[in-house]
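Here it is: the structure, laid out below.
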Amino acid sequence: MINAAKAESGEFYWPVRIYYEDTDAAGIVYHANYLNFMERARTEWLRHLGYEQDRLAASLGIVFVVRKITIDYIRPARFNDELTVISSVQRLGRASLEFAQNVVANSTVLSRARIKLGCIDSNTLRPRAMPVDIYSEIANAAG
Amino acid sequence: MINAAKAESGEFYWPVRIYYEDTDAAGIVYHANYLNFMERARTEWLRHLGYEQDRLAASLGIVFVVRKITIDYIRPARFNDELTVISSVQRLGRASLEFAQNVVANSTVLSRARIKLGCIDSNTLRPRAMPVDIYSEIANAAG
Amino acid sequence: MINAAKAESGEFYWPVRIYYEDTDAAGIVYHANYLNFMERARTEWLRHLGYEQDRLAASLGIVFVVRKITIDYIRPARFNDELTVISSVQRLGRASLEFAQNVVANSTVLSRARIKLGCIDSNTLRPRAMPVDIYSEIANAAG
Amino acid sequence: MINAAKAESGEFYWPVRIYYEDTDAAGIVYHANYLNFMERARTEWLRHLGYEQDRLAASLGIVFVVRKITIDYIRPARFNDELTVISSVQRLGRASLEFAQNVVANSTVLSRARIKLGCIDSNTLRPRAMPVDIYSEIANAAG
(Lines give C-alpha, C1' and ligand atoms only; values in the text may rest on other atoms or scores of the structure.)
Protein backbone atom coordinates (compact mmCIF):
# COMPACT_ATOMS: atom_id res chain seq x y z
CA MET A 1 0.00 0.00 0.00
CA ILE A 2 1.48 3.29 -1.05
CA ASN A 3 0.41 5.55 1.77
CA ALA A 4 2.09 3.62 4.54
CA ALA A 5 5.54 3.80 6.03
CA LYS A 6 8.04 1.28 4.86
CA ALA A 7 9.23 0.32 8.30
CA GLU A 8 12.44 -1.34 7.20
CA SER A 9 13.71 1.73 5.39
CA GLY A 10 12.24 4.45 7.56
CA GLU A 11 10.63 5.94 4.46
CA PHE A 12 7.10 7.28 4.59
CA TYR A 13 5.02 7.46 1.39
CA TRP A 14 2.21 9.93 0.92
CA PRO A 15 0.20 10.36 -2.31
CA VAL A 16 -0.63 13.75 -3.81
CA ARG A 17 -3.01 14.34 -6.69
CA ILE A 18 -2.48 17.50 -8.75
CA TYR A 19 -5.53 19.75 -9.11
CA TYR A 20 -6.00 23.03 -10.98
CA GLU A 21 -5.20 24.99 -7.82
CA ASP A 22 -1.65 23.54 -7.90
CA THR A 23 -0.78 24.55 -11.45
CA ASP A 24 0.17 27.82 -13.11
CA ALA A 25 -0.06 29.44 -16.52
CA ALA A 26 3.13 27.71 -17.65
CA GLY A 27 1.03 24.52 -17.55
CA ILE A 28 3.00 22.96 -14.72
CA VAL A 29 2.85 22.76 -10.93
CA TYR A 30 3.83 26.13 -9.43
CA HIS A 31 7.16 25.73 -7.65
CA ALA A 32 6.06 26.94 -4.21
CA ASN A 33 3.31 24.33 -4.07
CA TYR A 34 5.79 21.47 -3.70
CA LEU A 35 6.43 22.85 -0.22
CA ASN A 36 2.73 22.35 0.53
CA PHE A 37 2.89 18.73 -0.60
CA MET A 38 5.92 18.15 1.62
CA GLU A 39 4.27 19.78 4.60
CA ARG A 40 1.19 17.56 4.14
CA ALA A 41 3.48 14.54 4.09
CA ARG A 42 5.26 15.58 7.30
CA THR A 43 1.89 16.13 9.00
CA GLU A 44 0.76 12.65 7.93
CA TRP A 45 4.07 11.12 8.98
CA LEU A 46 3.70 12.60 12.46
CA ARG A 47 0.08 11.43 12.59
CA HIS A 48 1.25 7.97 11.53
CA LEU A 49 3.58 7.98 14.55
CA GLY A 50 0.58 8.80 16.72
CA TYR A 51 0.98 12.57 17.14
CA GLU A 52 -1.54 15.21 16.13
CA GLN A 53 -0.03 18.68 15.86
CA ASP A 54 -3.11 20.45 17.15
CA ARG A 55 -2.99 18.38 20.33
CA LEU A 56 0.77 18.87 20.69
CA ALA A 57 0.18 22.62 20.53
CA ALA A 58 -2.85 22.62 22.85
CA SER A 59 -1.65 20.17 25.50
CA LEU A 60 2.14 20.57 25.43
CA GLY A 61 2.59 24.01 23.92
CA ILE A 62 5.02 22.84 21.25
CA VAL A 63 5.04 23.63 17.57
CA PHE A 64 7.36 22.51 14.77
CA VAL A 65 8.52 25.34 12.51
CA VAL A 66 10.46 25.28 9.25
CA ARG A 67 14.02 26.61 9.70
CA LYS A 68 15.66 25.88 6.38
CA ILE A 69 14.80 24.34 3.03
CA THR A 70 16.99 23.29 0.15
CA ILE A 71 14.99 22.12 -2.85
CA ASP A 72 15.95 21.07 -6.37
CA TYR A 73 13.39 21.15 -9.13
CA ILE A 74 14.32 18.43 -11.60
CA ARG A 75 11.26 17.76 -13.74
CA PRO A 76 7.84 19.42 -13.84
CA ALA A 77 4.53 17.89 -12.74
CA ARG A 78 1.27 18.61 -14.49
CA PHE A 79 -2.50 18.78 -13.86
CA ASN A 80 -3.96 15.39 -12.91
CA ASP A 81 -0.59 13.79 -12.14
CA GLU A 82 -0.40 11.37 -9.24
CA LEU A 83 2.70 12.06 -7.21
CA THR A 84 4.18 10.48 -4.13
CA VAL A 85 6.11 12.30 -1.43
CA ILE A 86 8.78 10.04 0.07
CA SER A 87 9.95 11.33 3.43
CA SER A 88 12.64 10.13 5.81
CA VAL A 89 14.29 11.61 8.89
CA GLN A 90 17.97 12.28 8.32
CA ARG A 91 18.96 13.95 11.58
CA LEU A 92 17.29 14.19 14.94
CA GLY A 93 18.27 16.60 17.70
CA ARG A 94 16.58 17.41 20.99
CA ALA A 95 14.83 20.43 19.46
CA SER A 96 15.39 19.89 15.75
CA LEU A 97 14.64 17.47 12.98
CA GLU A 98 15.85 17.18 9.42
CA PHE A 99 13.97 15.47 6.62
CA ALA A 100 14.86 14.31 3.16
CA GLN A 101 11.72 14.60 1.03
CA ASN A 102 11.47 13.58 -2.59
CA VAL A 103 8.47 14.10 -4.83
CA VAL A 104 8.27 11.31 -7.38
CA ALA A 105 6.02 10.24 -10.26
CA ASN A 106 6.34 6.69 -11.58
CA SER A 107 9.72 6.32 -9.89
CA THR A 108 11.07 9.49 -11.54
CA VAL A 109 12.22 12.10 -9.03
CA LEU A 110 10.62 15.47 -9.84
CA SER A 111 11.87 17.38 -6.83
CA ARG A 112 14.32 16.65 -4.05
CA ALA A 113 14.48 18.56 -0.77
CA ARG A 114 16.13 18.79 2.62
CA ILE A 115 13.95 20.41 5.23
CA LYS A 116 15.12 21.38 8.70
CA LEU A 117 12.53 21.93 11.40
CA GLY A 118 12.82 23.36 14.88
CA CYS A 119 10.69 22.46 17.87
CA ILE A 120 9.63 25.65 19.65
CA ASP A 121 7.54 26.71 22.61
CA SER A 122 4.30 28.12 21.19
CA ASN A 123 4.26 30.95 23.75
CA THR A 124 7.87 32.08 23.92
CA LEU A 125 8.63 30.99 20.33
CA ARG A 126 12.02 29.82 21.65
CA PRO A 127 13.58 26.41 20.95
CA ARG A 128 12.36 23.70 23.27
CA ALA A 129 13.35 20.06 23.56
CA MET A 130 10.78 17.60 22.26
CA PRO A 131 9.03 15.47 24.86
CA VAL A 132 11.02 12.26 25.38
CA ASP A 133 8.31 9.98 24.02
CA ILE A 134 8.12 11.87 20.73
CA TYR A 135 11.90 11.97 20.45
CA SER A 136 12.10 8.21 21.02
CA GLU A 137 9.30 7.47 18.61
CA ILE A 138 11.00 9.49 15.88
CA ALA A 139 14.40 7.96 16.64
CA ASN A 140 12.78 4.58 16.35
CA ALA A 141 10.93 5.35 13.13
CA ALA A 142 14.06 6.80 11.58
CA GLY A 143 15.72 3.46 12.15
CA MET B 1 -4.88 58.18 -8.60
CA ILE B 2 -6.30 54.72 -8.88
CA ASN B 3 -5.68 53.33 -5.42
CA ALA B 4 -7.71 55.91 -3.57
CA ALA B 5 -11.34 56.08 -2.62
CA LYS B 6 -13.61 58.14 -4.80
CA ALA B 7 -15.28 59.97 -1.97
CA GLU B 8 -18.25 61.21 -3.96
CA SER B 9 -19.31 57.73 -5.04
CA GLY B 10 -18.26 55.72 -2.00
CA GLU B 11 -16.23 53.50 -4.30
CA PHE B 12 -12.79 52.32 -3.26
CA TYR B 13 -10.25 51.32 -5.92
CA TRP B 14 -7.44 48.87 -5.26
CA PRO B 15 -4.97 47.62 -7.90
CA VAL B 16 -3.99 43.97 -8.27
CA ARG B 17 -1.20 42.67 -10.47
CA ILE B 18 -1.47 39.06 -11.66
CA TYR B 19 1.55 36.87 -10.91
CA TYR B 20 2.23 33.22 -11.74
CA GLU B 21 0.91 32.17 -8.32
CA ASP B 22 -2.55 33.46 -9.35
CA THR B 23 -2.88 31.51 -12.58
CA ASP B 24 -3.64 27.89 -13.42
CA ALA B 25 -2.91 25.41 -16.19
CA ALA B 26 -5.86 26.71 -18.24
CA GLY B 27 -3.72 29.84 -18.68
CA ILE B 28 -6.09 32.07 -16.72
CA VAL B 29 -6.53 33.30 -13.15
CA TYR B 30 -7.79 30.43 -10.98
CA HIS B 31 -11.35 31.21 -9.91
CA ALA B 32 -10.82 31.02 -6.14
CA ASN B 33 -8.07 33.64 -6.28
CA TYR B 34 -10.52 36.43 -7.09
CA LEU B 35 -11.72 36.03 -3.51
CA ASN B 36 -8.17 36.80 -2.35
CA PHE B 37 -8.09 39.97 -4.43
CA MET B 38 -11.41 41.07 -2.96
CA GLU B 39 -10.26 40.32 0.58
CA ARG B 40 -7.11 42.41 0.02
CA ALA B 41 -9.30 45.27 -1.21
CA ARG B 42 -11.57 45.09 1.85
CA THR B 43 -8.51 45.10 4.14
CA GLU B 44 -7.18 48.17 2.36
CA TRP B 45 -10.56 49.85 2.43
CA LEU B 46 -10.77 49.39 6.19
CA ARG B 47 -7.19 50.63 6.55
CA HIS B 48 -8.11 53.65 4.43
CA LEU B 49 -10.88 54.42 6.94
CA GLY B 50 -8.29 54.27 9.69
CA TYR B 51 -8.81 50.76 11.03
CA GLU B 52 -6.23 47.99 11.20
CA GLN B 53 -7.74 44.56 11.64
CA ASP B 54 -4.93 43.24 13.82
CA ARG B 55 -5.52 46.11 16.27
CA LEU B 56 -9.30 45.64 16.16
CA ALA B 57 -8.75 42.01 17.11
CA ALA B 58 -6.13 42.69 19.79
CA SER B 59 -7.68 45.73 21.46
CA LEU B 60 -11.41 45.25 20.91
CA GLY B 61 -11.69 41.52 20.35
CA ILE B 62 -13.67 41.88 17.11
CA VAL B 63 -13.12 40.12 13.81
CA PHE B 64 -14.94 40.39 10.48
CA VAL B 65 -15.81 37.04 8.92
CA VAL B 66 -17.23 36.16 5.51
CA ARG B 67 -20.83 34.93 5.74
CA LYS B 68 -21.94 34.69 2.13
CA ILE B 69 -20.52 35.28 -1.33
CA THR B 70 -22.21 35.47 -4.69
CA ILE B 71 -19.76 35.83 -7.54
CA ASP B 72 -20.13 35.87 -11.32
CA TYR B 73 -17.17 35.09 -13.53
CA ILE B 74 -17.66 37.02 -16.76
CA ARG B 75 -14.28 37.17 -18.49
CA PRO B 76 -10.92 35.62 -17.60
CA ALA B 77 -7.80 37.47 -16.45
CA ARG B 78 -4.29 36.35 -17.39
CA PHE B 79 -0.69 36.44 -16.17
CA ASN B 80 0.68 39.99 -15.95
CA ASP B 81 -2.72 41.66 -16.17
CA GLU B 82 -3.31 44.79 -14.11
CA LEU B 83 -6.70 44.61 -12.49
CA THR B 84 -8.62 46.93 -10.21
CA VAL B 85 -10.99 45.87 -7.45
CA ILE B 86 -13.79 48.40 -7.06
CA SER B 87 -15.53 48.05 -3.71
CA SER B 88 -18.51 49.77 -2.18
CA VAL B 89 -20.65 49.16 0.87
CA GLN B 90 -24.21 48.26 -0.05
CA ARG B 91 -25.73 47.52 3.33
CA LEU B 92 -24.61 48.24 6.85
CA GLY B 93 -26.04 46.64 9.98
CA ARG B 94 -24.91 46.79 13.58
CA ALA B 95 -23.02 43.50 13.22
CA SER B 96 -22.99 43.00 9.46
CA LEU B 97 -21.75 44.60 6.30
CA GLU B 98 -22.41 43.89 2.64
CA PHE B 99 -20.08 44.82 -0.19
CA ALA B 100 -20.39 44.98 -3.94
CA GLN B 101 -16.97 44.20 -5.38
CA ASN B 102 -16.12 44.21 -9.07
CA VAL B 103 -12.83 43.16 -10.58
CA VAL B 104 -12.17 45.16 -13.73
CA ALA B 105 -9.48 45.46 -16.39
CA ASN B 106 -9.50 48.50 -18.64
CA SER B 107 -13.11 49.24 -17.69
CA THR B 108 -14.24 45.72 -18.61
CA VAL B 109 -15.83 43.86 -15.70
CA LEU B 110 -14.20 40.44 -15.30
CA SER B 111 -15.94 39.40 -12.13
CA ARG B 112 -18.78 40.79 -10.06
CA ALA B 113 -19.49 39.83 -6.45
CA ARG B 114 -21.66 40.50 -3.43
CA ILE B 115 -19.94 39.70 -0.16
CA LYS B 116 -21.65 39.67 3.20
CA LEU B 117 -19.53 39.93 6.33
CA GLY B 118 -20.38 39.49 9.97
CA CYS B 119 -18.71 41.20 12.90
CA ILE B 120 -18.01 38.65 15.62
CA ASP B 121 -16.43 38.47 19.04
CA SER B 122 -13.05 36.79 18.58
CA ASN B 123 -13.45 34.77 21.77
CA THR B 124 -17.06 33.65 21.68
CA LEU B 125 -17.25 33.72 17.85
CA ARG B 126 -20.76 35.12 18.27
CA PRO B 127 -22.13 38.17 16.44
CA ARG B 128 -21.20 41.44 18.09
CA ALA B 129 -22.16 45.00 17.23
CA MET B 130 -19.38 47.06 15.74
CA PRO B 131 -18.01 49.87 17.92
CA VAL B 132 -20.00 53.05 17.23
CA ASP B 133 -17.06 54.95 15.73
CA ILE B 134 -16.42 52.23 13.14
CA TYR B 135 -20.10 51.99 12.31
CA SER B 136 -20.30 55.75 11.82
CA GLU B 137 -17.14 55.87 9.77
CA ILE B 138 -18.44 53.15 7.46
CA ALA B 139 -21.88 54.76 7.22
CA ASN B 140 -20.16 57.97 6.29
CA ALA B 141 -17.85 56.39 3.73
CA ALA B 142 -20.75 54.53 2.15
CA GLY B 143 -22.39 57.87 1.51
CA MET C 1 -16.75 3.83 1.99
CA ILE C 2 -16.82 7.58 2.16
CA ASN C 3 -15.05 8.50 -1.08
CA ALA C 4 -17.48 6.82 -3.40
CA ALA C 5 -20.63 7.99 -5.05
CA LYS C 6 -23.89 6.99 -3.47
CA ALA C 7 -25.52 5.83 -6.64
CA GLU C 8 -29.06 5.85 -5.34
CA SER C 9 -28.94 9.51 -4.32
CA GLY C 10 -26.64 10.88 -6.99
CA GLU C 11 -24.41 12.27 -4.24
CA PHE C 12 -20.66 12.03 -4.51
CA TYR C 13 -18.53 12.08 -1.35
CA TRP C 14 -14.94 13.27 -1.33
CA PRO C 15 -12.77 13.59 1.81
CA VAL C 16 -10.58 16.63 2.53
CA ARG C 17 -8.02 16.86 5.30
CA ILE C 18 -7.15 20.35 6.56
CA TYR C 19 -3.44 21.22 6.53
CA TYR C 20 -1.61 24.37 7.63
CA GLU C 21 -1.72 25.70 4.05
CA ASP C 22 -5.54 25.85 4.29
CA THR C 23 -5.77 27.91 7.48
CA ASP C 24 -5.24 31.58 8.28
CA ALA C 25 -4.21 33.71 11.24
CA ALA C 26 -7.77 33.70 12.58
CA GLY C 27 -7.12 30.02 13.32
CA ILE C 28 -9.69 28.78 10.83
CA VAL C 29 -9.82 27.67 7.20
CA TYR C 30 -9.45 30.70 4.93
CA HIS C 31 -12.74 31.28 3.13
CA ALA C 32 -11.42 31.10 -0.46
CA ASN C 33 -9.95 27.65 0.16
CA TYR C 34 -13.39 26.02 0.33
CA LEU C 35 -13.58 26.70 -3.40
CA ASN C 36 -10.44 24.60 -3.84
CA PHE C 37 -11.98 21.71 -1.91
CA MET C 38 -15.08 21.89 -4.08
CA GLU C 39 -13.05 22.01 -7.27
CA ARG C 40 -11.12 18.90 -6.17
CA ALA C 41 -14.42 17.14 -5.52
CA ARG C 42 -15.78 18.05 -8.96
CA THR C 43 -12.57 16.79 -10.60
CA GLU C 44 -12.87 13.51 -8.70
CA TRP C 45 -16.56 13.23 -9.52
CA LEU C 46 -15.81 13.58 -13.23
CA ARG C 47 -12.96 11.08 -12.91
CA HIS C 48 -15.37 8.72 -11.14
CA LEU C 49 -17.65 8.95 -14.19
CA GLY C 50 -14.69 8.00 -16.36
CA TYR C 51 -13.57 11.39 -17.63
CA GLU C 52 -10.15 12.96 -17.14
CA GLN C 53 -10.14 16.70 -17.74
CA ASP C 54 -6.66 16.75 -19.26
CA ARG C 55 -7.78 14.22 -21.86
CA LEU C 56 -11.04 16.08 -22.52
CA ALA C 57 -8.99 19.20 -23.22
CA ALA C 58 -6.35 17.46 -25.32
CA SER C 59 -8.56 15.17 -27.38
CA LEU C 60 -11.86 17.04 -27.59
CA GLY C 61 -10.83 20.62 -26.97
CA ILE C 62 -13.38 21.17 -24.21
CA VAL C 63 -12.90 22.72 -20.81
CA PHE C 64 -15.31 23.31 -17.93
CA VAL C 65 -15.14 26.80 -16.44
CA VAL C 66 -16.78 28.29 -13.36
CA ARG C 67 -19.51 30.78 -14.27
CA LYS C 68 -21.16 31.57 -10.94
CA ILE C 69 -20.80 30.62 -7.29
CA THR C 70 -23.09 31.24 -4.36
CA ILE C 71 -21.59 30.09 -1.09
CA ASP C 72 -22.71 30.34 2.53
CA TYR C 73 -20.19 30.03 5.33
CA ILE C 74 -22.01 28.55 8.30
CA ARG C 75 -19.37 27.21 10.68
CA PRO C 76 -15.57 27.36 10.56
CA ALA C 77 -13.23 24.42 10.00
CA ARG C 78 -9.84 24.17 11.70
CA PHE C 79 -6.38 22.67 11.22
CA ASN C 80 -6.42 18.86 11.16
CA ASP C 81 -10.18 18.61 10.62
CA GLU C 82 -11.47 15.86 8.34
CA LEU C 83 -14.13 17.24 6.06
CA THR C 84 -16.28 15.72 3.36
CA VAL C 85 -17.45 17.48 0.22
CA ILE C 86 -20.86 16.20 -0.83
CA SER C 87 -21.60 17.03 -4.46
CA SER C 88 -24.64 16.51 -6.63
CA VAL C 89 -25.73 17.75 -10.03
CA GLN C 90 -28.80 19.98 -9.79
CA ARG C 91 -29.20 21.09 -13.39
CA LEU C 92 -27.76 19.87 -16.64
CA GLY C 93 -27.81 21.75 -19.92
CA ARG C 94 -26.12 21.04 -23.23
CA ALA C 95 -23.24 23.38 -22.37
CA SER C 96 -23.79 23.97 -18.67
CA LEU C 97 -23.90 22.17 -15.38
CA GLU C 98 -24.96 23.21 -11.91
CA PHE C 99 -23.77 21.59 -8.70
CA ALA C 100 -24.87 21.72 -5.12
CA GLN C 101 -21.78 21.21 -2.97
CA ASN C 102 -21.78 21.03 0.81
CA VAL C 103 -18.71 20.81 3.00
CA VAL C 104 -19.54 18.85 6.14
CA ALA C 105 -17.76 17.67 9.28
CA ASN C 106 -19.38 14.94 11.37
CA SER C 107 -22.71 15.58 9.66
CA THR C 108 -22.59 19.31 10.46
CA VAL C 109 -22.74 21.51 7.37
CA LEU C 110 -19.89 24.04 7.44
CA SER C 111 -20.42 25.54 4.04
CA ARG C 112 -23.11 25.24 1.37
CA ALA C 113 -22.64 26.24 -2.26
CA ARG C 114 -24.24 26.33 -5.69
CA ILE C 115 -21.72 26.28 -8.50
CA LYS C 116 -22.57 26.84 -12.13
CA LEU C 117 -20.12 25.64 -14.77
CA GLY C 118 -19.98 26.22 -18.49
CA CYS C 119 -18.54 23.89 -21.09
CA ILE C 120 -16.39 25.87 -23.51
CA ASP C 121 -14.21 25.31 -26.52
CA SER C 122 -10.62 25.59 -25.33
CA ASN C 123 -9.59 27.48 -28.46
CA THR C 124 -12.44 29.88 -29.06
CA LEU C 125 -13.39 30.06 -25.34
CA ARG C 126 -17.02 30.08 -26.52
CA PRO C 127 -19.78 27.83 -25.13
CA ARG C 128 -19.85 24.40 -26.70
CA ALA C 129 -22.22 21.50 -26.18
CA MET C 130 -20.78 18.59 -24.25
CA PRO C 131 -20.17 15.40 -26.20
CA VAL C 132 -23.29 13.25 -26.05
CA ASP C 133 -21.66 10.44 -24.08
CA ILE C 134 -20.58 12.81 -21.30
CA TYR C 135 -23.97 14.46 -21.24
CA SER C 136 -25.69 11.08 -20.95
CA GLU C 137 -23.29 9.85 -18.30
CA ILE C 138 -23.91 12.95 -16.19
CA ALA C 139 -27.67 12.78 -16.73
CA ASN C 140 -27.53 9.19 -15.60
CA ALA C 141 -25.36 9.89 -12.55
CA ALA C 142 -27.58 12.78 -11.52
CA GLY C 143 -30.46 10.37 -11.36
CA MET D 1 11.35 55.43 -3.00
CA ILE D 2 11.31 51.87 -1.77
CA ASN D 3 10.00 50.05 -4.84
CA ALA D 4 12.79 51.10 -7.14
CA ALA D 5 16.14 49.58 -7.90
CA LYS D 6 19.12 51.05 -6.16
CA ALA D 7 21.28 51.33 -9.20
CA GLU D 8 24.58 51.72 -7.39
CA SER D 9 24.17 48.47 -5.46
CA GLY D 10 22.26 46.40 -8.00
CA GLU D 11 19.60 45.76 -5.35
CA PHE D 12 15.94 45.85 -6.28
CA TYR D 13 13.36 46.62 -3.58
CA TRP D 14 9.78 45.40 -3.79
CA PRO D 15 7.14 45.88 -1.08
CA VAL D 16 4.79 43.13 0.08
CA ARG D 17 1.83 43.60 2.38
CA ILE D 18 0.70 40.56 4.38
CA TYR D 19 -2.98 39.64 4.01
CA TYR D 20 -5.02 36.86 5.61
CA GLU D 21 -4.41 34.62 2.60
CA ASP D 22 -0.68 34.62 3.46
CA THR D 23 -0.99 33.50 7.09
CA ASP D 24 -1.70 30.18 8.76
CA ALA D 25 -3.23 28.91 11.99
CA ALA D 26 0.09 29.35 13.81
CA GLY D 27 -0.60 33.09 13.41
CA ILE D 28 2.35 33.68 11.12
CA VAL D 29 3.06 33.76 7.39
CA TYR D 30 2.99 30.21 5.99
CA HIS D 31 6.51 29.23 4.95
CA ALA D 32 5.76 28.41 1.29
CA ASN D 33 4.29 31.87 0.71
CA TYR D 34 7.70 33.55 0.97
CA LEU D 35 8.45 31.90 -2.36
CA ASN D 36 5.46 33.73 -3.83
CA PHE D 37 6.74 37.06 -2.54
CA MET D 38 10.15 36.37 -4.06
CA GLU D 39 8.64 35.35 -7.39
CA ARG D 40 6.62 38.59 -7.48
CA ALA D 41 9.82 40.53 -6.83
CA ARG D 42 11.68 38.75 -9.65
CA THR D 43 8.78 39.46 -12.03
CA GLU D 44 8.86 43.14 -11.07
CA TRP D 45 12.65 43.25 -11.35
CA LEU D 46 12.46 41.90 -14.90
CA ARG D 47 9.67 44.35 -15.72
CA HIS D 48 11.82 47.15 -14.28
CA LEU D 49 14.54 46.14 -16.77
CA GLY D 50 11.98 46.42 -19.54
CA TYR D 51 10.99 42.79 -20.02
CA GLU D 52 7.51 41.33 -19.67
CA GLN D 53 7.50 37.57 -19.24
CA ASP D 54 4.31 37.04 -21.20
CA ARG D 55 5.87 38.78 -24.19
CA LEU D 56 9.15 36.88 -23.80
CA ALA D 57 7.16 33.65 -23.92
CA ALA D 58 4.91 34.69 -26.82
CA SER D 59 7.46 36.38 -29.05
CA LEU D 60 10.72 34.60 -28.21
CA GLY D 61 9.52 31.30 -26.81
CA ILE D 62 11.60 31.57 -23.64
CA VAL D 63 10.55 31.00 -20.06
CA PHE D 64 12.49 31.26 -16.79
CA VAL D 65 12.01 28.29 -14.46
CA VAL D 66 13.12 27.74 -10.88
CA ARG D 67 15.92 25.15 -10.63
CA LYS D 68 17.01 25.32 -7.02
CA ILE D 69 16.11 27.21 -3.86
CA THR D 70 17.90 27.47 -0.54
CA ILE D 71 15.92 29.42 2.02
CA ASP D 72 16.47 30.19 5.70
CA TYR D 73 13.55 31.19 7.87
CA ILE D 74 14.92 33.45 10.59
CA ARG D 75 11.97 35.33 12.08
CA PRO D 76 8.23 35.09 11.39
CA ALA D 77 6.07 37.72 9.70
CA ARG D 78 2.46 38.34 10.71
CA PHE D 79 -0.85 39.57 9.31
CA ASN D 80 -0.71 43.23 8.23
CA ASP D 81 3.11 43.40 8.23
CA GLU D 82 4.78 45.46 5.52
CA LEU D 83 7.75 43.57 4.16
CA THR D 84 10.31 44.34 1.51
CA VAL D 85 11.91 41.82 -0.80
CA ILE D 86 15.48 42.85 -1.63
CA SER D 87 16.75 41.07 -4.73
CA SER D 88 20.11 41.06 -6.45
CA VAL D 89 21.67 38.96 -9.18
CA GLN D 90 24.63 36.95 -7.88
CA ARG D 91 25.55 34.91 -10.93
CA LEU D 92 24.65 35.18 -14.56
CA GLY D 93 25.18 32.48 -17.16
CA ARG D 94 24.03 32.23 -20.76
CA ALA D 95 21.01 30.15 -19.76
CA SER D 96 20.95 30.60 -16.00
CA LEU D 97 20.61 33.23 -13.35
CA GLU D 98 21.09 33.18 -9.60
CA PHE D 99 19.46 35.60 -7.18
CA ALA D 100 19.98 36.46 -3.57
CA GLN D 101 16.61 37.47 -2.15
CA ASN D 102 16.02 38.66 1.40
CA VAL D 103 12.66 39.40 2.94
CA VAL D 104 13.02 42.16 5.51
CA ALA D 105 10.81 44.11 7.89
CA ASN D 106 12.15 47.32 9.39
CA SER D 107 15.70 46.31 8.47
CA THR D 108 15.37 42.94 10.22
CA VAL D 109 15.94 39.99 7.90
CA LEU D 110 13.06 37.52 8.21
CA SER D 111 14.07 35.17 5.45
CA ARG D 112 17.14 34.80 3.28
CA ALA D 113 17.23 32.83 0.02
CA ARG D 114 19.34 31.85 -2.95
CA ILE D 115 17.29 31.08 -6.04
CA LYS D 116 18.68 29.60 -9.20
CA LEU D 117 16.69 29.96 -12.42
CA GLY D 118 17.12 28.40 -15.80
CA CYS D 119 16.16 29.91 -19.14
CA ILE D 120 14.36 27.30 -21.24
CA ASP D 121 12.70 26.99 -24.60
CA SER D 122 8.95 26.96 -23.95
CA ASN D 123 8.37 24.26 -26.57
CA THR D 124 11.21 21.84 -26.02
CA LEU D 125 11.60 22.71 -22.32
CA ARG D 126 15.35 22.47 -22.86
CA PRO D 127 17.91 25.05 -21.72
CA ARG D 128 18.30 27.92 -24.13
CA ALA D 129 20.63 30.91 -24.05
CA MET D 130 18.97 34.20 -23.21
CA PRO D 131 18.75 36.73 -26.05
CA VAL D 132 21.85 38.91 -26.00
CA ASP D 133 20.01 42.11 -25.14
CA ILE D 134 18.45 40.57 -22.03
CA TYR D 135 21.76 39.06 -20.97
CA SER D 136 23.48 42.43 -21.35
CA GLU D 137 20.74 44.27 -19.53
CA ILE D 138 20.93 41.88 -16.60
CA ALA D 139 24.75 41.97 -16.56
CA ASN D 140 24.50 45.72 -16.50
CA ALA D 141 21.87 45.84 -13.75
CA ALA D 142 23.85 43.38 -11.66
CA GLY D 143 26.69 45.83 -11.71
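Labels for the chains are A, B, C and D, by order of writing; each one numbers its residues from 1.
Assume a contact is a pair of C-beta atoms (placed from the backbone, for glycine too) under 8 Å apart; a residue touches a chain by one contact, two chains touch by 3 or more.
Just so it is clear, the structure is predicted and the values come from calculations on it, not from any experiment.
Taking each chain's centre as the mean of its C-alpha atoms, the one that lies farthest from the centre of chain C is D.
Annotation: A-D is the more contact-rich of the chain pairs A-B and A-D, by number of C-beta pairs in contact.
Chain centres here are Cα means. That of chain A falls 34 Å from that of chain B.
Per-chain Cα centroids separate chain A from chain D by 25 Å. Multi-chain contact residues of chain D, defined as those touching 2 or more other chains: 20-21, 26, 32, 36, 39, 78-79. Those residues of chain B that touch chain A in the complex are listed here as 20-21, 23-28, 30, 32, 78-79.
Taken together, the chain D residues at the contact with chain A in this complex read 26, 31-33, 35-36, 39, 63, 65-73, 76, 122, 125.
Within the complex formed with chain D, the chain B residues making contact are 17, 19-21, 36, 39-40, 43, 52-54, 78-80.
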